[in-house]
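Chains here go by letter, A, B, C and D, matching the order in which they are written, and residues are numbered from 1 within each.
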């Protein structure tokens, strides 16, 4: 290719941040206890506690899908129904893993604009189920995605609204935080403020998309409720033997607030990209990005031109709440920034669409 | 501790081989396609094909338990019964993951001396089931562990004997190769000779215990039979996004036959350790080790002394076929060597038990 | 209660038709082979073949939920998604049994007026899934309910339209026929014409609601595709030992076309009830009934009055496609007729609402 | 056939006792609440309470396999292992239903003479598991079969011994009572004395083999522990709509102690049959029968002769504890008596083998 590439395909197309790669290499030597019992594992767990400003239980797993699925498994009961946004990753992109791993829990799709569940619609959906009526199934939990699949975030007040509904129905609240750090930066918040202070009980805490190789954790904010998870995790083939290879990544991730730096960088790059789109005559911004994903609408013909010029990005399914707002000869495309995105890439792309 | 440690707890207490750690770091930069679609992933798949001397399908997963469980899942059918040695990892050490992930497949324990299924007992066990009799369940596959949980190996002729039984009953044969390389060295064999040339259909190919951080693959030796596995893997939350982090480990693992070198080293260290035990007046060798695990019988009082002197090792459950051969005041202990074991450790330990 | 009751709660509040009860009693004596191997079982299977005008495979099960769930299980594959009307029994009234028993198959809700899937919406829903895309899950089958949960029926042309979509996507088509006979009468059709001649592959054939005690069967219209079902059924604890007690019910059910007579009676009673509602000043008919369920809208205050006067019936959740058509002080109520409904009950009720 | 048949194939080859058939017919008319809410259902539940001399929770299900599987499901937890005799029905004859329905609970086979678990072997088997060790799985319950698969019974003292082990390990104790009545008669006991007074927590209470058509119940002896079972049952497609058809059978079953009468008759017939075998020169009794199953050893050639003379019975797999006690030209055969067995049949058979 004659043009240098501009990478917006996904934040999981980036590799590992050098500090994370280095720390992993640094921990390669020596013998330590397996299966999460090493000093490093324990130290990283303490770091999680410190960050969340309370004792938490931390379970490393292999993928975000695993974290979500085991969270739902841990909440579920026979006939269980869990609620998530219609376009949540757990519903649209996990090949049925939550249903399968939880023994058949149904994921009930809740609508809402721009990737966020509408609290009224959530309350209505839950309210349709009588928890004692054996035929209909029964609510067992709610899952929010923060930041959402389409790069928006729930404000703290919006999380409050959802958490209140959960409390009213005595349901645990799970947060899919595959892009937790990006959301935290976007809301100018803290781990504690964005989770348990709002009423969140379980977090799928993702590091992979924000500069790790493979660092995902299921964080239980009240460890007294984590009872079954060690067995749930092992039974799901998600307990790493050389667990320190996750711990070492998280150690570097948190060290010197690297994770905030990488997330801030990603979000800043997304804003820069959105600005260039807002100024463009060729594409229009679908909605205002809040984290590290930018969605633009453009002519189908333009997609191929931009690709030929080195831009790597993909079309995206039109969100339900956005139906009818894209013309037949147009297409909605997703652009994801990451710790590895450079201003130069953005600006080169900006020049192409100016 | 005043004494330098001697590490025999497990091969998963070692970290990553420097060449593997380095290669992983080397691949940290740049953008590549996620979910196994990168050039590196594809190149490593080609290396697998070359090593196995035929086209194979390769599925990276997070753990050996995952590889075993998904292999069993891929073989299973309603009412399925799979056969494995009574002390197989899939039966004793996976928290029921194979049963859970396969929707309830039963693992039928087959006896046999020293960790190896006795072919006659296997044939008898399978023969008890009438595949058309709906009440009893029906055979769906057989799993051998190579090398076994207790450091022995099946000879090629022994694998032949088991494969013949599988063919007679039209059952697929799976090999749990968490210590595949150690077994290959022990049998002076090749990947092809130890597997499909014998009749093995599926391999849990482990790299983790032999010097990787986390590198496990389910290898399907006839790719035309791998049809459902992409979905089986994703549904089990075992598809890595930054898949190249596994690929980079395997690349270095195979480069310049590093994997054979590390396995040969482990096995040699085990032999050295066994020799020192055979010469010892304080411990006696339980059985002749063939791969990288050594089992010794010693007085319970000695265990604590050796630990106080820096030896790290653990007691092990007496194998069924070994029952009655350990006195009440004795204990059976396992010693595992790895790529990181040094002759000095062995010799220091040898001096302690001389 | 001073008033004689008028029973419209459900067709499963009725007991067994005298001819069915008698035949069951008649078969109580003597010894016959268990688990479906008796002459009576085989004779009844032949009757099914005759009725369907082709060889079919018949599997008795305990409940309609079982028939539906095992049908979906038999269609499913890892990551499977099955499509049904949003208000289908399998989605709304089976406590997640299909998801649970099928190992996590997702039921995708499809909209459509009056309980029937809209073919365009079905095609659109299926079309959203790329069967080779491992993340999204993949279509594995479609289920129609005939007659529907709200007493309407698919015309044969409407079944054709859905079957064509299934063929286009190579998906099996299941029919939930808990009220199969009522639908057959309503469409003036035959078992063959309403099923395999249209492209239906599997039928949950219900006898219970139409005069049996407990007589449900999963009918596979092409027996060469029934391979796994004997094991699927036994594994789900749905294989009766004294299977003839189901067979004896079906024998009487089909004898002299009793089943058509009872269904015709139910439907006729429903029409009579609907006519009285159409003429009523107190209630209004929600939609035209086609089988044996009638839905009426009435003031909430009236419900209690009618109950006090002996009418037994229940409110029903407003169908999605009917939203906004019921005032706040009104309620939608369901009335179900059965083989045991009498014209006198109808007319007494008609007088109350005149 | 020229000879009148003598029916010893199974107690599920018999049909329904006339009183049970009649009562079912008697309840055919009229409308009652579905799904177990009728007055008759409630009255029968009260009868269960009276019989068990305490409040119990009763859940009708379709098959004994369902009762066992749902009992095990209700006890289980992730990584669960349940213990039963090696030849228990749940292990050998349910096509993996307990594993499947419980999400992968393993059934651990425990040895013991003549169908009864040896308490020491049970204690040893449980003791091998460390309930906090995530790899090995963890004990979740114990199941005894009373009477056993081979017609023997646990004495009350033997149940005590097993219950003590359960209490020591805080494990629930389930009793597979497919032939509960036969065991009660054999032990000259009562429902209370044979269950909760011993420490049994859950009973699969079978009526089918003792004269009902289809009447199985899962009885929870402490109803405060039955919490999840309504959902577990419905989710497993085991909730009957016209539930009164089970209730009516149980009503007649218990009325006037019919169930004790039929069980006593069956046991008496078995004793009569055993006596004729003990006196026979052609067959020998394998072991002393205690309930309604008799096992005899005879020449293979004799089997065909007896069948040709009208005897209906089947060979049986040699119990593990009986291995080596049957010559190559001999076969072990099972003879089951039931409420419908007549002394004439026995005596005719006795004459054949005299």
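Please note the rule applied: a residue touches a chain if its C-beta (ideal position, glycine included) is under 8 Å from a C-beta of that chain, and two chains touch if they have at least 3 such contacts.
Given the structure is predicted, the values throughout are model-derived calculations rather than measurements.
The two copies, chain B and chain C, are related by a rotation of 180°, based on C-alpha atoms and rounded to the nearest 5.
Over half of the residue-numbered contact pairs at B-D are shared with one candidate from C-D, B-C or A-C, namely A-C.
Using CA-based centroids throughout, the chain positioned farthest away from chain C is B.
Computed centre separation for the pair chain A/chain D is 51 angstrom, with centres defined by C-alpha atoms. Distance from the chain A centre to the chain B centre is 34 Å, each centre being the mean of its Cα atoms. Taking the mean of the C-alpha atoms as each chain's centre, chain A and chain C sit 41 Å apart.
Chain contacts: chain B has residues 35, 78-79, 94-97, 100-101, 103-104, 134-135, 231, 234-235, 239 touching two or more partner chains. Considering their complex, residues 35, 77-79, 103-104, 134-135, 138, 228, 230-235, 239 of chain A touch chain D.
Those residues of chain C that touch chain D in the shared complex are 5, 7, 9-10, 12-18, 20-22, 24-25, 27-34, 61-66, 69-70, 94-97, 100-101, 208-209, 213-214, 231, 234-242, 244-245, 312, 340.
In the complex of the two chains, the chain C residues touching chain A come out as 78-81, 92-97, 99-107, 128, 134-137, 317.
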